[in-house]
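Presented sequentially are two complexes of chain A, the first with chain B as partner and the second with chain C.
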Partner chain A sequence: MSDATARRRWVAWALVAAAAIGALAWAVARTRGLDEQTQATNPIFRWEYLLVRERTPEELWARTREHLELTVVPVVLGTVLSGVLAALVLRFRVLQGTVFTLAGVLYTIPSLALFGILSTYVSNWTSAVAALTTYTLLIITRNIVAGIDGVSPAALDAADGLGMGRRQRLLAVELPLATPVILTGIRVATVTTVGLVGISKVIQLGGLASYVFDGFNRDYSTLIILGSASMVLLAVVLDLALRGVERLLTPWARRAGAR
Partner chain B sequence: MAGVTKTFPGSEGPAVAPLDLTIPAGELTVLIGPSGCGKTTTLRMINRLVEPTAGTITIDGTDIRERSLTELRRGIGYVIQQIGLFPHRTIAQNIATVPKLLGWDKRTTAARVDELAELVGIEREMLRRYPSELSGGQQQRVGVARALAADPPILLMDEPFGAVDPIVRSRLQHELLDLQSRMRKTIVLVTHDIDEAVALGDRVAVLNVGGVLEQVAAPDDLLAEPANEFVAAFLGAERSIKRLALSGVMSLHLDPGPVVDRRASDAEARQALERGGLDWLAVLDGDRFLGWVAAADLDGRPIADLQPEVLRARVEPTATLREALEVILTSHTSTALVVDADGTYHGAVTLEAIREGLAR
Partner chain C sequence: MIGASEPTNVWQWLGDSSQRTVSGSIPEQLWATLWHSLLAFAIAAAIAIPIAAWLAHRRRAELISGWIVNIGRVIPTITLLGLFVLISLRNGYGFEPWPIVGALALLALPPLFANTYTAVREASPDAVAAARAVGLTETQVLTRVELPLAAPLIVAAGRVTLTQVVATEALGALFAGAGLGIYVRFGFASDDIQQIQAGALLVAGTAMAVDAVLWAGTRLLLPRWGPTPPGAGRGRQPLDLTTIQPQGGTP
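Then we have the complex of A and B:
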């Protein structure tokens, strides 16, 4: 894996963790200042909210689903679009700089602005998906190109020398060998997106992050913790699932690593 | 190859100067020369991984540019310098690459993979492994098996034994010779190891920097008569010793040797001793070799009464001059006897005969 990818994955995880820790710290600070009486009636985390309140399971599930949708759909779309972009870059190398710069510019547009602009033209859900998709492009495109560039010249030479055509070489040699790097890109994009979904609260979405925002508004730490914890959990689950996929797709890398 | 030239864009001189070379079908031709002299480039022009800047290459009279790239390459086995197995494919899948491209059915392919594994000495249980789980020598065998998979009439091998230690290398070389004696393919093999070139090649082409062809000849002729200073320097100082490995003892004028029949008398034995000029005699029974007796043991009794001893200075008719010399030097005598495994006596090899053999 390239250094840049490793660093970006770190950043993604740090974002998620920082959100969770920040929320927790805030909740602790709030309750500290209160007297004992209030503390007893107003604990950091009110388990009843999660376990007893009747509406919670349904609400939690709905928000999880929304969050999941707003993560998976953009990542899938982003992967497809990145595939096209990467194909362009690989075919016409002169485009490499332009494509990466463009994807980089998209990456730096403030999400609030992007949500705002898009939602005046299309539905909220569509604009959230569109915005989140643009953020995945840079990471995934870069990793597809890096993955295919990283295929050993010896393997390519053998593929050519044995008489594989361009397409055969791409499908039978380059893509399989680039799979670990490509999947790492998709994983980083996924974890990043889980964190970014929250901002779509400004257009009445927000998934699990809605809990966090509600918690801040109502000064209710239980909601903040519930929201951040489930976001972290979601990120971890998706990351593990993608690692599972990678193991399934690349048995050769595992056995090689085991030596 | 006629007037074949390659100049890489951005470099001053050509990597391969106009090159005329005929590679006889069914023979193993070795390309040899110092690093960077254009051996790989020359080889890769044959399967069009590199397009010549000028000149034409024909195979069986047909210009290689008349066939489609993939069709041409599938008909030419290629063992690349860096082995280049596909890390994500099992050994069996690696070997089956070209058959799969050619659309062979599963059963035929599987049978062929088994056959090749056997041929190059890869155990069947390894077929399910991935390349990273094999040693360098095993990987090189797989590389050779993969190149042979669709039974191409032509085989290009770029330093096929570069990545292994000398012991494994010499074993793989022997296996290649053995394979070649059965397959009779047209092989072009690149190496920068003169011993390998001499041991494997039917013909050896020596290239100089810039892809200049200095000499093409059979190994023995090359060693006996290098065309110029460069070739001589490249062959190294031990040309005669290298040549010793190239001819067998039966190619010499074998001496009758210091022999005496077991029915001979003491007087006849003493005459034979004088003729031989040595301090021992070989005892024969007809054309069968029995052993040797020392001159000091001749005491007037007939030869039949003496007990012949086991001889160490003895080589088989298949031995090379080098082996004969080795036997002579280690057994403290100047003559080695050529005797079959079943005891048939052929004659004697002397130091003088070896020297004359080389002077030929």
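Then we have the complex of A and C:
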């Protein structure tokens, strides 16, 4: 990454942070000294729902936990399954077309349909986890295969020259070098899943998206915004966490400064 | 929902049109799904493709176009649908169709924009230099060289995006819109397993059919030009990891 790009990225982040702090300051300033009646005339977002209402923190936490659970379990399951699928593809190249076409077809099934059909056979929680796992397969499998395919032939030659066996080369050379691509896949799958969890509201789950649907049904936009903002926040936090993991796992990328 | 003879499986439900006196007939809802999706896609394409192509030609806004997909991925679909429908209701425009078309168009913007941007930017620099050397104007470079070279990727991205829009349209039903998702919603509302299953089959079948038709269409219509990577070294076929990552929201 060049210096100029790094500087611009830094400036962009600073702007985002400044905007966030500004919005928060504005919100706090508005909430103070506003009685309920004044707030009722500004019904897009009622801050007292978040800041004053006693049950909100507890409820918010419960829904966040449900959302987190419905994101993490499918992504972990999906990663394991994708590992198996990718191993199959890498070992038996003839399977590549079949595996990706199949994963692609599964990915095309709309989540509403999958939740609907599964829930008529198994429990709601199982349907949600199964459906959400399905959607991670395409993204993660593809990135594992592409990551390992992308390892430079020079590195492979070097590994062979050192007398590494197939397994050793995979574990010591190919997997570490493919880590950034694989983690990108997991990251994209995670962020996508955070959004999809919301649709599981149709089978009485839904996590934070319950706020969105409640808000819609009660014509109360505060709830829609609260639910959406927390979903966005959750996605961003998970994204940043996985970026952190990537930095920890690939210290050489920072030192070399280029990939 | 309680009639003289309750359907006992999906096929009976599908065959019995008296089940759909309230929710609307299948052709009617299929048509709603299709025109909502196509209109939303057309609006998004008309906005995103020209702007992205021009910005990519000028090498402007590189950072933002990198972020735009992430932003689109993070914003929940249901948020847009819920807010748009609510705002539309408060202003007297009703549940349908504008809020749903608008939300779908907004969802289709990021993938179209990002893929067009990348496609144009990655157009062979040699070809672009050659075009300039023979005296093409900047507009001609864009329309005669960069865009044709970028076309396969843009069309592929369009196919993925349109399929996604069709799939997402089903969610409009959760916010009181028309479209095939309505059977799923009615089914859940009345605990009608046959209706849920039938609705799910219709929604999934439509999305897959649209994807298949578009796939066949692009295969037939697009000339296959551009460099084909040789299966280089060590017998490995590089996997095509283009930027057409199916983008967030709702598959």
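Criterion: the second predicted complex is superposed on the first by the 215 of 259 C-alpha atoms of A that agree within 3 Å, B and C clash if a C-alpha of one lies under 4 Å from a C-alpha of the other, contacts with A are read in each partner's own complex, and residues count from 1 in each chain.
To be clear about the criterion, a contact is a pair of C-beta atoms (placed from the backbone, for glycine too) under 8 Å apart; a residue touches a chain by one contact, two chains touch by 3 or more.
Predicted, not measured: the structure shown is a model, and the values here were computed from it.
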Notebook entry, point to check: On chain A, do chain B and chain C fit together or clash when superposed?
Noted result: fit
Next item on the list: With the two complexes superposed on chain A, say which partner A:Val173 touches: chain B (first), chain C (second), both, or neither.
Entry: first
Next item on the list: Determine, for the superposed model, which of the two partners chain B and chain C contacts more residues of chain A.
Entry: C
Next item on the list: For A:Ala154, select first, second, both or neither according to whether it touches chain B, chain C, the two together, or no partner.
Entry: first
Check: With the two structures laid over each other on chain A, which partner does A:Leu205 touch: chain B (first), chain C (second), both, or neither?
Finding: neither
Note to self: Quick check on the superposed pair: does A:Leu238 touch chain B, chain C, both, or neither? Answer first, second, both or neither.
What the structure shows: neither
Next item on the list: In the overlaid three-chain picture, find the nearest pair of C-alpha atoms across chain B and chain C and give that distance in Å.
Entry: 11
Check: In the superposed arrangement, what residues of chain A touch both chain B and chain C?
Finding: 153
Next item on the list: Would you pull the chain C residues touching chain A in the complex into a rising list?
Entry: 63, 70, 73-79, 82-83, 85-86, 89, 163, 167-168, 170-171, 174-175, 181, 184-185, 187-188, 193, 196-197, 199-201, 203-204, 207-208, 211, 233-234, 236-239, 241, 245-246, 248-251
Checklist line | chain B-facing residues of chain A, complex | finding: 152-155, 157-165, 168, 173, 176-177, 250-253, 255-256, 259
Check: Given the complex with chain C, which residues does chain A contribute to the contact?
Finding: 5, 8-9, 12, 93, 96, 105, 107-114, 116-117, 119-120, 135, 138-139, 142-143, 145-146, 149-150, 153, 156, 181, 188, 191-192, 194-196, 198-199, 201-203, 209, 212-213, 215-216, 219, 221, 224-225, 227-228, 231-232, 235-236, 239
Notebook entry, point to check: What residues of chain B sit close enough to touch chain A in their complex?
Noted result: 47, 49, 69-74, 78, 80, 82-89, 97-98, 101, 129-130, 132-133, 146-147
